[in-house]
Every structure is written in C-alpha cells, then in structure tokens.
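Two complexes follow with chain A in common, the first pairing it with chain B and the second with chain C.
For the complex of A and B:
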C-alpha cells in the first residue's frame, strides 16, 4: 500500500512532461537504432540469404565461418590500415593547417572560408572528380607527370594493388582534413594569449610553447576528435566504394565494403550481418577502452 | 443569380475533378531498364510517349538502373513491394530474381507475340525452363572484334584481312606496336565488361562450359588455363588503366586511336565517325579470333523483359504496351537508340524496313550483317546444356570471371592459381 502511494506520488505532472519531451527521441532511437541492431543480430544467427526469404536458426555458425575466413581478416586488416592512415594524415595536415591559418596574414579570412570547400563537395562528385583526375588514360595528373617527364608510363593509381589503398586514403584525407583544421583552429583560439606572452618573457621558443602550452590545452579537443574520427573513419563506405568498389582484387576492401559485398553481391545477408555485429562489438570495446585510458573522459574531468 | 451561377460552376468543376480521380485513374506501368546513355533514354522515351498519347488510360514510365547495382536495387525493391511492372533482364539475372518469387511466367503473352512476330529460337531458349518462359526477349547483343582499318594500314597490315586466330592476333598486335600503335585493349576490371570479354575468349578457346551436365563446376580445366594465359598476353599489350575499364573507356580509346583493336558489342558503330574524326569506312569488324583447335564464337546476350506484377489491370496494360513495342515499325525505331548494338530477336523486325533503314545501320550494313551472323555462334555461360543451370546467376551476379581475371592481372597470380581461386569462389557462391 505504502509502495503504491510512493509510485503514485512519484508520477507528478513534471515527470509526465519530461517523458513526453523525451518520447520522440526514445522512439527514434528504438526505430532507427535498436530495431535494426536486433534485426541484424537475429539475421546473423540464421541462414537467410535474400532479405526475409527462407531463414532458419543456425546458432553461431555464421560467426564461426567468418572468423575462420581469411577474407574477413584481410578486410579487418585493411580497415585498420585505412583508419590509422586516415587518422595520422588528417591529424598532421589538420594541425599544421590550423596552426598556419591561426597566424596573422593577408587573405586569412579568404583561406579560412575556402579551405572547407573539399568538405562540402558531395561524395559522388568528389569520387567522379578524382577518378577523372587520376585516370591513367585521360587523367590530368598523368598528363602532367608525363609532360614534365616525371614518369614514362602513366600511373594507374586506383587500379594498382599497391597504390589503390594509399590513394584512397589520400583522397579521403583531402576531403576531411579541412574540417579537422577548423575544429582545431576553434580550439586554438580559446588558448589565452597571455600564456604565450608569459612563456616568451620566460624565454621559451616556439617548440617549447607548442609542447608546454598548445598541446596540453588542445588535448581535450584532440581526444574527442580521436574518438569521433576513428568511429567515422572505420565506418566509411561511400568514398571507397565509389572510387574502387573495394578493388582492385580486394586491395581496398575494408569491413564496411566487405559487409556490402557479402549482403548485396553474394546475397549472404546472414554473413554480412555477422560481420556487422562483429564490427559493432569491436567498436564498442574500442570506445570503452578509449574512455578508460584517455584522461579527458574520466568522470572527474567531466565533472570539472 | 450571378452568385448561384458561380457556386454551380465551382461545384461542377469539383465534381469533374473528383470523378476523374475516382473513375478516370490511369494504369501506371513502371519499366526499369539498364540502357543508361542519355540518347538511348531519349529514343525510348519517344517510343513510350507515342504509346501514352494513343492510350490515355495507361501511363508508361521508364526508370534507368546501372547493371553494377541492378541486383541489389531490384531485390530491395521486391522486398519493399516497390518493384516495377516490367524489368529488363539478362538470362543469368533472371535466374536470381526468379528466386524471389516475384517473376511471373509469360507463356501466354509470349505465344501471342510469337504468332505475330516470330521470335528467333536462340533468344528464347535461355528464358525457357521449369516448364515456363520467364521473360520476353527484347534484343540480342554480340561480342565482336573491332579494329581500326586506318591504323592497320599505317602499320603495313592488310585492313581487309583482320586476324582470325589467336596466333595471328598476337602477330598483328606486335606489328602494330612496332609502328608505335598500341595493338589492343582488353579489360581487367571488376565489371561485367570483363566477364563478357574473358568469356568470349573462353568460348573461342573451347572452355565455355562452367558447369558439366550434372551441374558441377568444371571451370578449372586445361582449356580455361590456356585461355587465361592468352588473355594475360593481351593484357600485357593493353594500355594502363584497364583494371578500371567499364563500357566507355575502350570505346574512347578506340575512337581516339589509343588502341587499334577492341573486343566489344555493337555500340561502336554510331559515334565512330564523329569521335574518331575519320571516315566510317575505317571501322572494321570481325569474329573474335580463336585458336587453331578452337571454335568460332563469342558471348551472345539475348536481353529480355520480366513481368513482376500480378495485378490484372496492370497485366492488361503491360500486354497492350508489349504488343505495341514489338510492331516492326516501333521495334525498328526503338532499336535506333543505339544502332547496331541492339540486334532483332524477331524475324518480323529482322526483315523490316524500319530496322535496316536507320542511317547508321544502312551505312554499316555489312558490319551489322556480320554481327547477326556471329550471333548464330553465340553462347552464354550457364546456358550451354539442354537444361538451364539456375546457379549461374549467383556466379554472374558476383562477376566471378572478372574477379578471377583481376586475381591474375592485379595480384599477379599465375593463370592456374587464379583459376583455382575462381573455381573455389564459384563453389562457395552456389553452396
């Protein structure tokens, strides 16, 4: 009786209003995230081929097949190369660019605006432009390289097993580093100029200022970028697929491309779902690990 | 009085609108096809417009798909109950889409059209199995060896005597190269074009059987190895970039003189003069060369139309539209969307004025006749036995032949290793 009263008194108008406010978001999460996730997990435990056609429960056999499949681990390896390659290149270029455009120079506003151009180009346009530029038969890059005698034969950037992955990483970096540069620039501008002035009075050189002032002050921003960037990067499908379709001969087949090929090229929706679930688990573990080791995300730092 | 009149006028208008909405609804027919180039879409639209104009109760609408994602989009559309009423197809594509249960047998409609227009048997055969006909053939496409007579002459070769055998082909290429001309361009991309090109050489080399009579994969055999070895030689003579080739690149390279020989279908006719800047008489065509102990032949695709609706009103509309489309006058005009690429599949169109009077077909009449003749030697993987092997769609849909070529060309596997890889991949696909 007492409990009943407690619950009853707990449901006041404010609580109801709160529930009404969060209900749309909860509904969205259930429909757009929870349902597809549960659906994927279910499909990964069946022998479904085409979507929804004749499926039987097969337990974890899809997972066993996948983890003993060389192609899956090759794709996992490609995903690692892709993610680390992008992270390093984008960080170096983004940081360098941010430091440059944080200086005072003529035309700074123009540079700051137009630097994000590559980021706002739709992916399909970007893919077509780069495929044309790099085309070994009629691309402008090979034309220039041959015109100035840098190479004798045109280079098949996207068609070579060795060059395809670095090329695709370069193109993705070209697209995203300005975004990083803008975020880093915004963070750089929050560092009080007095700290640099004080360091100058104490005789610190530029490198010391960077190590002892800029970098520590930037750490929270870089930590967040590191986390979000990794999650985004590893899940990128569009740029790779539009440029190479995962080829040539699997040279750029990362896990998202592998999932797509399994689902829509090989019609193995079950194995595609299993691969997607493994990727989901892998990323979840990564996030937990990242939160544990990165001081920025410790609870006391959050509270501060 | 004026007010009452206005009210009556408005009411009359509303009644008219509601009546049209309720009783005057058009039957809409969606057609999905894979003929992407804008000029083909334009001609097809003209054909459709004429039908729509004469049949106000039906509205036919075309939508274009890319072959590279036709499998995925079609299956997704069927699952979402958004499939078109008419879906263009190839024999291997049909075997896959049929498994969704959405493809309707077209026996009755086929018989009706056959009585009027007389279909060529080779075009129907790949669609006839399991006791039914699963698609109405639309047009045929055949692979040929295209060559530039002007470049042959420049290299001191006889332009009217193209290579007939594999040995002659290699000698010709070498002679062209000695004169600074890249002899040939063959694809090595993850694309349907590569599937088609390698299979044309497999037919010529006598290794056209991917399955045996029992439906087992027999891809890994000495004749296939020999064909892949020969193909690797052609790749070595091809220009850079072939690992990314789709339909446009070889035509561009051929027309701008980068390569002297290409293996492709009949779309080379139409733009040749304009793009190459030389007279049309410099365009040569010949059957795909074959080895001394091989056979004449190349890949032949009878395209078709599947029907994916069971709605009686829509079926009646589809029937009316197809009866219109196969009238030789209309059929001939329709094929003018890419003269020479689309070869007639009915004797009515084959003997019609409307087909042969097209300016491009008329200009290259001998070449078109040779293509029609070559069609008699045409084959298609998975359709070489009495019964159709319906697993072929899973192999064709993944472009496993093209993937095998890539393993050899891009990864550097030997032909034997690549073929072993391909056979395993095929077995995995049909498991």
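For the complex of A and C:
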C-alpha cells in the first residue's frame, strides 16, 4: 500500500524555483527551531538567570545537579507511565473502535466523521468538561457512583495522589482514541476484500483472518502511529497542566510540566533547559531505536 | 433448522453491533450534552445535590454574564485574530514548501525534508525558553504576533506532510506538457497545482485553525496583558479562581467549542479524508 514518490535531488531546471519556494519555510524553521535548540543547549551549560543578564559557562554542572535531583527522576518515571499508559489504552480502544465502525450500519458516514469530536475541541474545553464531570462536590460521575452504591464518599479523582495520573491518562485517551480509530479505519479500508474472501474459501475463521491478513496489512500504519503517537504524547503539556498542574504533590508532573515549573515558577532557566535537552536526547535515542527494531518502518514513510 | 439458527445468530450480532456503536457515541457525546445543559441551568439548579438531566428552568444568564462581566469577548477576538493569520501564513508556507519538496529537484533537499520531519515531532517545551528570549529581543512579548509566529512553526511542517498526497500523486507529465505549451513554472503552480491541491490546502487550513484555537503553552507564557489573552489562557484563569463559577465556565466552554464545531460541520468530511490519506498514503 505504499505509494512511493521519488525525491529527486540533483540540479535541473526546477532547482532554482524549488529553492525559492522552500526558502521562507526553511528560514522560518531555522529561526524558530534550530536556533532555539542550539540556544537551549547553550543555556543548559551556563548559570544564566531569568533575565539572561549574567551567564557564565559552567560545564555540565546543571546536568549533574539534575540527575542527582529526585524530583527530576520522579518526573521521568511519571513521563514513562503517562506515555506507556496512553499508548496502550489508545491503541486498544482505537483499534477496537476502528473495527466496530468499519462495519456496515445506518449512519456510518456520520459516525466516521463526528467520532473525532473529542479531538477537535480545544484542550481548555476538554479540561472544563472533565473537571465539571469529576468534581467532587457537584460532579455527575460521583453522583452516579453514589446512586448505585459503588462508593460511599465522593471521590476526588484529580485531587487524589493515587488516582490523578490514571484519571488524566483516561481523559487524554478519551480525546485521542477516536483520532487513532479513523486513521486505523482508513488503513483497514485499503485491505482488498479479495484477501478475506480467499481466506474464507480456505476455511479461515475471523480470528485467523485478523492475525494473518488484517494485522500484517496494518503494520506500516501502526508503526507510524506508534512512533508519532509516542512522541506527541510524551510532549503533551496542556492537558496535564489544565487538569492538575502536575499535582497533587507531583503525582502528574511529567517532564514537560517539570520543565515549565522550573522555568516559569522557579525561574531556573538553566536547569529547565538541561531537563528539556535530556528529554530531547531521550526522544532522539528512542527514534533511532525505533527505526532499528521496526522492520516495516522507513523514515521516508513520512516525506517521500 | 440450522438456517434459522444462523439467522438468529446474525440478528444477535446486528444488535450487538448497534449496541457497541451507541455506546461509542455515548462515550463521545454525553460529556458534551452534560456541559451544554449545565450551561443553561440556573446556578441553584446547577449545584443541586440531585442533578437534573434535563434543565427544569432554562436560562441564558451565564452566556450574558460571560460577555458582560468578563473579558471573554476580548479573548474571543484575540483568538480569532491569531487563528486567522496562523491559517493564512501556514497555508502559504506549507503549499510553497510542499510543491518545492514533492515537485522540484535540488541538492540538499533530502536534508531539508528531514529537518521538516524533525520540526513536527519536536518537544515544544524545549524551545519555549529560548523562544521567550527571541521574542523579547524582537519586542514581541505581549504581542499577538508572537503567537501567530509560533503557531505557524507548529503547523507548517505537518501541513507540508499533509500536502504530500496532493502534490505527490499528480503525474510529472503535467509539468512537461505545461512547459511545452510555454507556461512558466510559476504559472504551472498556480494554474494547475493550486486548484488540484485545494482540498489538501483546506485540510491544512483547518488543522492550523484547530491548533491555533487550542494552543496554550506559548500563549500562557508570551502574553502578559489581560486584554491580549486568548481563550484557552483566559478560561484557564477562570478555572483556578477560588470560587469557581461553573455556570460561567461551562458557558465559556460551549462558546469556545462552537467555532471549531461550525468549521468541522462544513468541511469535516474532507478534513477527515485529507488527514487519513496523508497518514496511510
């Protein structure tokens, strides 16, 4: 199902025009991403203060301070839980949903579009919706739980040290699984029906069809989703910040929240930069590793 | 006999199918229903111990308070301003860049396309701190253009990628034919490719709008003045107030959700199509 488009990259009569067209975007990316990235690495090696007036080179001392800081490692652990929890939940729900809505039913074109409602709304709306539903005094969920005697006392989902992380993961999954579902659905629909028919004639059952046809055919899509999804979810800041601000007592403080707090609450720009750089290195290693272990994955899946 | 058995089995399956679909729709839609009816209940009904599932009394008070007693109208305008320019600039940059990458040939292009790839999977929090300094050196802190610039940076790389299917699948023979007819490259671009890629550009535009409408991290950091805040930042401040006014907040959430919903109602079908063809090729 790959449609390969050759990227030619030698000089020819389209070169000049191509360079002129790419120049604005390239300049934009260099100024907004490449320069700040380098600047971030530099800052992490200095004792820069918030205003950036005094800055002396201090080598890797920020990094040493960071890796001996328990709060940093706690945040790393939270990031791992957050990422793995989201990946698993979203993949399972996304795949199941895709299989459900891939069937023939009345209103399928409506459902296949509007299912991503939870993805298109702004994060702040999502935060208000769930804070209101989960509210421990007036929230509808606690009312229902108490009505059916599941709990005696209302539960403070976002305010409890044990429950905050699972709750935030659940809310983020609610937002993203329909998005995954429609991408997986589109990939499911590229599988030729003939393959299933042929398998039926050979006496394969639904489970065998799934294992020997659906899954292998889905693998390239799943592998791209796996990579991009992981990178996206590791970097998520707004959902967590709006729901819990990283609390209670650091229960939901992932690395992006940690970096933000360090930089804009404690004004420790250098330590925040060092933490962000470690996250970036970590992601780079992850990407390289992913390319290695995932055979169906080619980086030109993205652009070529 | 076995025929009847199979029929009842398939009927059971059909029932199960619709039950699952309804469950799915419920999971997605019920939270929205709840926030909507909460926004039209009077405050005393809103915080009643036994909630009402259909409002006993309907009111638009929360909505009128929202615009009369808070800066919501100003936030709304700021968000529109930022989203509009983000959309426009993103579509232009991504279209030009997409055409360049998928239709032209020059040395270093592979490197550039990799750079674009890196740009859209990048931890935003990593560039937040240095960008704060970049923005302040250009006196753009406390200026909506800092948000437009950063939103374009977030959206344009993904936009290039979305346009791949639109630019990449048009046969090369089209350019050759146009060149034989004496059309310039620029003329070929805007007479042939822009119209062909229009659905893709619409997808990029909506993506840019949605991203800009929801963006919080940079808006919360770069904007200091109350009258320059965008919706997500403005509303986030309502949440953290000591006495949360849930009527106001749910009304604010409803109004904030409406522009993306209206947008989506018109072009949702093409948007989903554009998004998925981009993802699976």
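Throughout what follows, the second predicted complex is superposed on the first by the 278 of 304 C-alpha atoms of A that agree within 3 Å, B and C clash if a C-alpha of one lies under 4 Å from a C-alpha of the other, contacts with A are read in each partner's own complex, and residues count from 1 in each chain.
Just so it is clear, a residue touches a chain if its C-beta (ideal position, glycine included) is under 8 Å from a C-beta of that chain, and two chains touch if they have at least 3 such contacts.
If you're wondering where the values come from, they're calculated on a predicted model, not measured in any experiment.
In the superposition on chain A, contact is made by A:138 with both chain B and chain C. Legend: residue contacts after superposition of the two complexes on their common chain; A:60 is shown touching neither chain B nor chain C.
Applying the stated contact rule after C-alpha superposition, one finds that A:211 touches neither chain B nor chain C.
Legend: residue contacts after superposition of the two complexes on their common chain; A:249 is shown touching chain B, with no touch to chain C. In the superposed model, A:264 lies in contact with both chain B and chain C. In the superposition on chain A, contact of A:283 is made with chain C only, not with chain B.
When both complexes are overlaid on chain A, the residue A:159 reaches chain B alone and has no touch with chain C. One of chain B and chain C touches more residues of chain A, and that partner is C.
After overlaying the two complexes on the shared chain, residue contacts for A:92 are found with neither chain B nor chain C.
Of the two partner chains placed by the overlay, neither chain B nor chain C lies in contact with A:151.
Looking at chain A, you'll find residues 52, 131, 135, 137-138, 264 touch chain B in one structure and chain C in the other.
Listed in rising order, the residues of chain C touching chain A in the complex are 17-18, 20-21, 24-25, 27-29, 31-32, 34-35, 38, 46-47, 50-51, 93-94, 96-97, 99-110, 112-119, 121-131, 133-134, 149-150, 152-153, 156-157, 160-161, 164-165, 168-169, 175, 185-186, 210, 213-214, 216-217, 221, 231-232, 235-236, 239, 246, 249-250, 252-253, 256-257, 260-261, 264, 268-269, 272, 275-277, 279-281. Against chain B, in their complex, chain A makes its touches with residues 50-53, 131, 135-138, 153-156, 158-161, 245-249, 251, 264-267. Within the complex formed with chain C, the chain A residues making contact are 1-3, 5, 7-12, 14-19, 21-22, 24-26, 28-29, 31-37, 39-40, 43, 52, 97, 100-101, 103, 105, 109, 111-118, 120-125, 127-133, 135, 137-138, 140, 143, 174, 178, 182-183, 185-187, 190, 221, 224-225, 228, 231-232, 234-235, 237-238, 241-242, 255-256, 259-260, 263-264, 269, 272-273, 276-277, 279-280, 283, 287, 299, 301-304. Across the complex, chain B meets chain A through its residues 68-69, 71-72, 75-76, 79, 96, 99-100, 189-190, 239-244, 249, 252-253, 258, 394, 397-398, 403, 406-407, 410-412, 429.
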